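The two complexes that follow have chain A in common; it is paired with chain B in the first and with chain C in the second.
Take a look at the complex of A and B:
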């Protein structure tokens, strides 16, 4: 019974919205809004064909490579900058400025520097996604518990072991918060880099549909991007739950106390 | 959720940090200044030494001269004005919608449960997915920017308001009920102060996202503003002009960050001072 109620809560509103959409598009034919049936039909037709391999997969590949590289660069750089005090003071204003630049403006700059290539698109994603991870890692490394840090020092834990067992775990909640921002930013940058100047990829295809007034196809593209966003968000939440299991447990204990 | 953790644990560590930075202030500022100078010098040298062609990356001095020249142009300020208008209007619409909906949904257990799946599904949809739709509906007008900005900023604020309203202290709420405070009075004096720090975090995040989306809309769709000027400068070959505009967007971003942090500090310091008095 309880499971049924939960299921009802999860499904009721979405079902209601789809029914509303269906009912509203039933009568007059609206040029801008396709019926649910048309959209589902077009969705299968458009995206589960050769386009899946020529546009969707390469886009996702670039996104994953870009975000992964940004995370690695951000964490390595963040640990380095966060542990060396003078380096942090030296770079902080410059990094603050770079973070404040809206990442999409890097698209025209990188097109200029690298031409319209795959590596340019990956570079756009990296250059936008690296800042949240980098700055959050710096913050996290800086906020390592003083007592823990001193204890580790006393026991002669230094170098790599210190980073592996002290610095990275205590910074990981902050790092994950940065990674979450990077993921959604990465998706946005992937689409923009393809919309701005490209001849393939998800963003390009969707703009192409819009320019040729293929409205149901365009909507199906929007749905693909939405599903991609939702899918990434689920993967991230799953990863976060596993990586930060100890942290959430600790929080619960602290809150209960 | 980890995104709210820094907000709630923020004030405490910052006290220690401030004290340390007061002692180290001159050194720290000098180092920061040296960092900026070093960055500009590197930028100046890369094209001068021919590592990257000057046509693609003009030296820093040239770009700064172009930026200063921009500061004297009315057209530049009109573009800045257009971008900031879209940013501000989009942010205000998003915050207003999110606050009203957040309080309505948050204060009802039934509504919260019923909307949870829909919110979690709609929230991760990247707002750039709406670009083609915005173009079809509004063309290259400010409404296109507003639609993207509002969609992106709305979720940031809504989620935080929902957390905030859920964080209300049951004892305080029941006490207020016992003293005969009505529904509106309780929202005003109990729920709203609890949710305010969360709301401010949401607004700060939304302000950054709104600027990104404002520039994106101008860049990709071509609605009026700095983003369009950047795209035009790039395709027109005015390379140092383009870099100058990129610098200008960065400066606007820094200003927005400073402004938002200032506003947040004002509201949060009021909040935490009240809280610490209550605890003491």
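Take a look at the complex of A and C:
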């Protein structure tokens, strides 16, 4: 019963929006706005076929590899920079500089340096996704509670054990907040990396449809991106619930008190 | 009757010698502890009381190796303390911030042992015993934040016991729990101390608590801190929340310690500041 209610809440607004869209396009013949029926037809036709393997899967693959690499680099770098004072003093101004550079401007440069390859596209995704994770991890590592840190220290929990049992779990709420930002950023960068001089991928296909005035097909590609975002968000929420179970539980107890 | 507080090195489990701590701040140096010297013999339960701001926590941090003293030294079993020693466990006042909230009760107690590479079977035995000793055998799968304050502090005590320290330092451990829980925890400390034969240094600002718990009470002066007085608590060994506290001797000791603390607050310092003082109070 509860699951049914949740499902109702999840689906209510999408259903309403589609109905509205259907009603508004009922008598219209605007070339740029397809009806829901046309779009669903095109959606199946375009995406459930060879394109799924030649464009959708490679895009998702690059996205996942890029985001995963960004998370690893961000967490490892963040733990290092957050723990070592002089490193932080040395790197912080430089980090601000690099963070300010919008990753799309790097695409032409990376094409020159790395060629039009999968690695180039992954590099674009990493160059943007690494910042939220890195900066959040640094903050999380710096905010480790003093008493907790003293406790660990008195029990001889140092070095790697300290990172594993104290620093990483303690910073995990901030790290997860960074990961969440990275994932939506990753989707955007995935599309952008495929818009320049590419020959496959979701971004490439959507641009291709635009240029050939295949408007319903273009819209169907945009729907794929939206659905991908929703899917990623669900996976993230599931992972977050498991990793931060203690954190949410503690917050609930604190708020109740 | 003179109390001899310095002993030959081999007899003292914990020696604090000429300890001085000065904090360097932007606003100038702050002398938190001026000159502290005292010894604890093995198996002793001593309480440290002093007015608030008398540098109790600073002293404890120096003893536990979390902070380096400006001058003087701390010896544990004859060896100079330069970092947190293996034979020492500390229980902090802030129980809510000293347990790992992402670990269950059992994992919290187990972690220091796991980190030391104690074999699993041995670890399980020690953790079971420790949880049993503090009366928490029924909640190993709970998270600390699901427990009351008193129970969380019990978990912290269990973690310290399981670690099998030779010296147990407690920094106002019961200051943040309610009065009834506090009485239970005080008795728990006496029981654990007797059972394990561990040396305990119990820091508190509560005069009654220091007399009820300790075999000895070390009083600190106000900052910059020296030992104001060091007295033996000659109450019967079997202590009881109702009867011990009702003893005339308890009241006398309480009066004496209270007076000394009041003097300390007014800035009165023992005649030979810094040297250990002479023993039993002249009361009754």
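As a convention for this text, the second predicted complex is superposed on the first by the 244 of 257 C-alpha atoms of A that agree within 3 Å, B and C clash if a C-alpha of one lies under 4 Å from a C-alpha of the other, contacts with A are read in each partner's own complex, and residues count from 1 in each chain.
One rule holds for everything that comes next: a contact is a pair of C-beta atoms (placed from the backbone, for glycine too) under 8 Å apart; a residue touches a chain by one contact, two chains touch by 3 or more.
Keep in mind that this is a model prediction, so the values were computed, not measured.
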| item | value |
| --- | --- |
| Partners on chain A (chain B, chain C) - clash or fit | fit |
| Partner chain(s) touched by A:153 [first = chain B, second = chain C, both, neither] | second |
| Touching partner for A:161 - first (chain B), second (chain C), both, neither | second |
| First, second, both or neither for A:17, with chain B first and chain C second | first |
| Chain B versus chain C as contact partner of A:45, first or second or both or neither | neither |
| First, second, both or neither for A:108, with chain B first and chain C second | first |
| Contacts of A:145 with chain B and chain C, given as first, second, both or neither | second |
| Chain A residues touched - chain C or chain B, whichever exceeds | B |
| Where chain B and chain C come nearest after superposition, their Cα distance in Å | 6 |
| Doubly contacted residues of chain A, that is, touched by chain B and again by chain C | 247 |
| For the chain B and chain A complex, residues of the former touching the latter | 2-3, 5-6, 13, 24, 27-28, 31-36, 38-39, 52, 56-57, 113-118, 120-121, 123-133, 135-137, 211-212, 214-216, 219-220, 227, 230-231, 234, 239, 242-243, 245-246, 249-254, 256-257 |
| Chain B contact footprint on chain A (complex, rising order) | 9-14, 17, 32, 86, 89-94, 96-109, 111-113, 139, 143, 173-174, 176-177, 180, 184, 187-188, 191-192, 195-196, 203, 206-207, 209-210, 215, 218, 221-222, 225-226, 228-230, 232-233, 240, 244, 247, 251 |
| Chain C partner contacts - residues on chain A that touch it in the complex | 145-148, 150-151, 153-157, 161, 165-166, 169-170, 172, 246-247, 249-250, 253-254 |
| Touching residues (chain side chain C, partner chain A) in the complex | 61, 64-66, 84, 86, 88-90, 92, 94, 97-103, 111-112, 115-116, 143, 145-146, 159, 163 |
